[in-house]
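Okay, so chain A shows up in both of these, paired with chain B first and chain C after.
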Partner chain A sequence: MSILAWCVAAWLFGIGVYGIVTSRHYVHLIGCLAVCQSATYVLLLGIGFRWHAGPPIFYDHPPGTPAVDPVVQALVLTDIVVSAAMTALLLAIALQVHKRRGTLDPQHLRPFRQEK
Partner chain B sequence: MNPVQLLPVAVLLPLGLAALLLAIAHWLPPRLADGASVLASLGLVALCGWLAVQALHGPVVHWFGGWTPRVSGRPDVVLGIGFSADPMSAVVAAFCALLFALSFIFAWGYFDKIHAHFHVLMLLFMAAMIGFCLTRDLFNLFVWFELMSISAFALTAYPLGRSSLEGALNFTVTNALASFLMLAGVGLLYARTGTLDFLTMAKVIARIAPDPVITGGFVLVATALLTKAAIVPFHMWLADAHAVAPTPVSVIFSGIMVGLGLFGVLKLTAQVFAADAQVLAMVHGGLFALGIATALTGGLMAWAQRHLKRLLAFSTISHLGVMLTAVAAVSATGATGLLLYLIGHGLVKGALFMIAGILLARRNSVDELALHGQGRTLWPVGVVMAVAGLLLGGLPAGSMYAASDLIHESAHSVALMFVLIFAASLTGAAVLRAACRIFIGCSGAPGVEVTAPTERGREQADRPLWLMLLPCVLMIAIAVLPVDAVAPFMGRAAALLLQPDGNAATAIASDHVTLGSFFALALTLALLAASLMRERPTRRFARRVGRVERLPFDALQFLHSGLVTDYVAWMAIGVALLAAFLG
Partner chain C sequence: MNTTARIVLLVIALVVLAPAAGMLILAMPAFGHPLSQYGDVVNALAPRLRNISNMVAAVNFDIRGIDTLGEECMLLAAVTGTVMLLRGHRGEDMSERAGRVPGRKQPSRSDATVLLCRFIATVLFLFGIYMVLHGTVTPGGGFQGGVIVASSFVLLYLGESYRAWRRIVLGPALAALEGTGALAYVLAAALPLLGGYAALQNVLPLGTWKDLFSGGLMVAVNYAVGCAVIGSFGVLLLEFMEETRAPENDPVPDEEDE
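Our next item is the complex of A and B:
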């Protein structure tokens, strides 16, 4: 695997965390979370990558043809499914918060601290 | 009956029941979901307990679809996915199911209006926890971890109130980030070892360690588990989430969910990284230091709270720190201590959260200052709460006491042992202080807790008191039972987790009382007396002392800002700290 994939993954994760830390809107924050998540996908796909190898589908290739690692692809696919649920849940919660509070700025949404 | 065939049932039963309830609960009487959930949980207690006994002679292993390692025809290539029950994992799984059973009894009739959605989420939650305990595959561990997180997020946000939604957002964002770190860590470990199976991975690591990619992978996976276990500085989300979740859910959160994170760290360290000196050095040193810091931070924060559920949440953080020092020892003594402490603390903390739930249902508040003297007519609840507070503070009886003895033994340092005792005493004294104020009405001028955040709350009130009190009493009764009968089994189970071939030394817990074992209790009662006899500072000198006393608490309260962006920044700092420790 080339060093480029590692760098891209680290960079994506870094800007994602930077975005979360400086966020002033929850939908933006959830977007940044998705950026962090794509960093892990780049990392995983980079790990499984082989030069001069095809997709791991042996329908029209004889078994033994070089192919990229299917395990990490399965991992990514599984995580995409789980994370879709997570993002949907986060957005649903954000929607409910907006209905009740009229704002999505984390600065104004601190549990236990609105009655002072 | 064949244990190998029954092993997957531990996960399939709750998953199947959840699916069934989701499909047909609309047409059934509401009590049926309650009853079915309680019965299923009790059945799982029996099943996992039986598996634990069966596994004493060697782990019970089930390969799904018959994909055993032999199928690949090459050594070190494991194509299948398996479950593997060693005695300690099975005991932890059985304890999860027990807490769920008691929590379902407490929640009897709590969630009538919403069909069985609560039960469905709880059953998924339980399946995820049991799967987490029994899996022998790193990616599966991650999937169960994620499933556990997602059902927990939904259960926290469930009441759709202001604080519960905001607490759930903080919880979800921090824990989602943690699970991305875990996935990245799993990826790194796979990149070097080419396998996801625990035992095969351990063999490869023994061959190639020390390796920077392996160590990096461990740091990322451990960070995720420590975030779930609310270890400083990844702990900020816990007080927000546990304080706002519905009571039956808080019981599970504080009772076992967070402890599972620590169990995961121990299991991975012992079964996968045991041969990697660099990782072990980090666990012995770095995690031990984090444990001490967590115990102290949690204890001080618990002392400075007035909202009972927040107080209990911080006390959970403190006790998790104590448990992390046991994990950091990676020894038979530490592991036995962890197992007993996990059970003892889970029972006591679960009972305390249920008491907070009773107050919410009967008095519409859990603020110890607002409820001053209002619990007099609920005196049986007060008695249970006092016993629970004494147990937290070191009453020499039952499994928590026996476990803390082992944990102190594994700490190897008298000074640090005193820090752990002091932290536990602070949490016990804080609980007793609240109990005295609410149920007896004695007070003393409020100290640092008066400025702590609080709010009113309400929970479904039409349930009989005895039904809510029954699970609390049961939990406290189990927690004070003498441990002599189970101590050899627990010691054996812990030793088998560390050395599956059965060659490890066994540590036998004991709850024999000596004069020295009253030290923690005396410290707790002294702290309690100090807070109840405090007077309003009138003289200038007294005021100045009061201001100095406030300073550290104010600083801690300021750091626990409730702002999710701060929490994520702290997580980044924590990962940097762990990496620096390796550097």
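Our next item is the complex of A and C:
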């Protein structure tokens, strides 16, 4: 049980990378990148988890009762914001690429070739 | 590089990296027993020092507030870059008409969709505002609530027509909201400097614990982040929607073919 969380994080990252490698469409690739990034959420939340502890919100239970690590939760929040902003930026780039080249298949896009 | 070559490369990389990943997994601290003392210290001190009940908000907006300022600026920069990329040659020109593919039928919305979207969008909007307002007290905060409010805009688009959506969701208002939010955060960080305090020092009265306005400067920063996030994601949605316009209105620039 104790290594399950880390294995899940590694597995999520792995399938994300597999998706990126075999991707035939940039929008699919961006989704795979988001899967990769969700591995970091699992990793961070796993690091901060504590058995028999409540959420780090002292509203219903008084301060001093055991609570999980709030720092990693704040980090996950940052992580999600970065992920959302980056996904938007990548999708915008994908839209422009599709407009100019008419395809989003990485196989058919050769960025360094001179356009004839 | 074709798919086979890519997969071969991936397998080689896996063979090299898998043992390292395995060793790392086995060397990780035991699950459920965090090593870091930082979180415990925050949990022990922040409710007393800041009269705040949401520790995640305390970390985000006060204890590591400068980091969140950087994150906020990153969001602003990413949204600005996305908007510039999306606008392309179109500039700031916008249309009230949705893009449509010639010859494709456009089925009208069913009444059930309109009713559900109107209902859910309203509830979602209010829930997002509630999330932002109670950011320092209960789970939530500017980032989460802002995204929820922005998603209610999508439901408005789904339930109403594009034209009605554009009438309800005003582009300049969203841009102003985004800029004002980011500016308010920067001011919240900078103004204490004028009084001889540290940046983002919590100089406002802290309020009482479990109160809506507890946390002093954190309340202001939380609202600023909420405004900025609503504006950012609203602007993003708007610009992506504008991209659905018919291609003939936005021709591919010629310099690409030279």
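Just so it is clear, the second predicted complex is superposed on the first by the 112 of 116 C-alpha atoms of A that agree within 3 Å, B and C clash if a C-alpha of one lies under 4 Å from a C-alpha of the other, contacts with A are read in each partner's own complex, and residues count from 1 in each chain.
Basically, contacts are C-beta pairs under 8 Å (C-beta built on N, C-alpha and C of every residue); 3 or more make two chains touch, one makes a residue touch a chain.
All figures in this text were calculated on a predicted structure; none of them were measured in a lab.
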| item | value |
| --- | --- |
| Touched partner set for A:57, first chain B, second chain C, both or neither | second |
| First, second, both or neither for A:85, with chain B first and chain C second | both |
| First (chain B), second (chain C), both or neither touched by A:68 | second |
| First (chain B), second (chain C), both or neither touched by A:21 | both |
| Which superposed partner A:2 touches (first chain B, second chain C, both, neither) | second |
| Partner chain(s) touched by A:77 [first = chain B, second = chain C, both, neither] | second |
| First, second, both or neither for A:107, with chain B first and chain C second | both |
| Contacts of A:49 with chain B and chain C, given as first, second, both or neither | second |
| Doubly contacted chain A residues - partners chain C and chain B | 1, 17, 21-22, 47, 71-72, 78, 82, 85-86, 89, 93, 96, 100, 107, 115 |
| Footprint of chain A on chain C - complex, ascending | 2-3, 6-7, 9-10, 14, 21, 24-26, 28-34, 36, 38-40, 42-44, 47-48, 53-56, 58-60, 64, 67-68, 71, 74-75, 78-79, 81-82, 85-86, 88, 137-139, 141, 143-144, 147, 210, 232-233, 236, 239-240, 243, 247, 250, 252, 256-257 |
| Parts of chain A lying in touch with chain C, wherever the complex brings them together | 1-7, 10, 14, 17-18, 21-22, 24, 46-51, 55-59, 63-64, 67-74, 77-78, 80-82, 84-86, 88-89, 91-93, 95-96, 99-100, 107, 115 |
| List of chain B residues in touch with chain A within their complex | 139, 143, 146-147, 149-150, 153-154, 157, 160, 162-170, 172-173, 176-177, 180, 183-184, 186-188, 190-191, 196, 240, 243-244, 307, 310, 453-455, 561-565, 568-569, 572 |
| Chain B contact footprint on chain A (complex, rising order) | 1, 9, 13, 17, 20-23, 26, 29, 33, 36-37, 39-40, 43-44, 47, 71-72, 75, 78-79, 82-83, 85-86, 89-90, 93-94, 96-97, 100-101, 106-107, 109-116 |
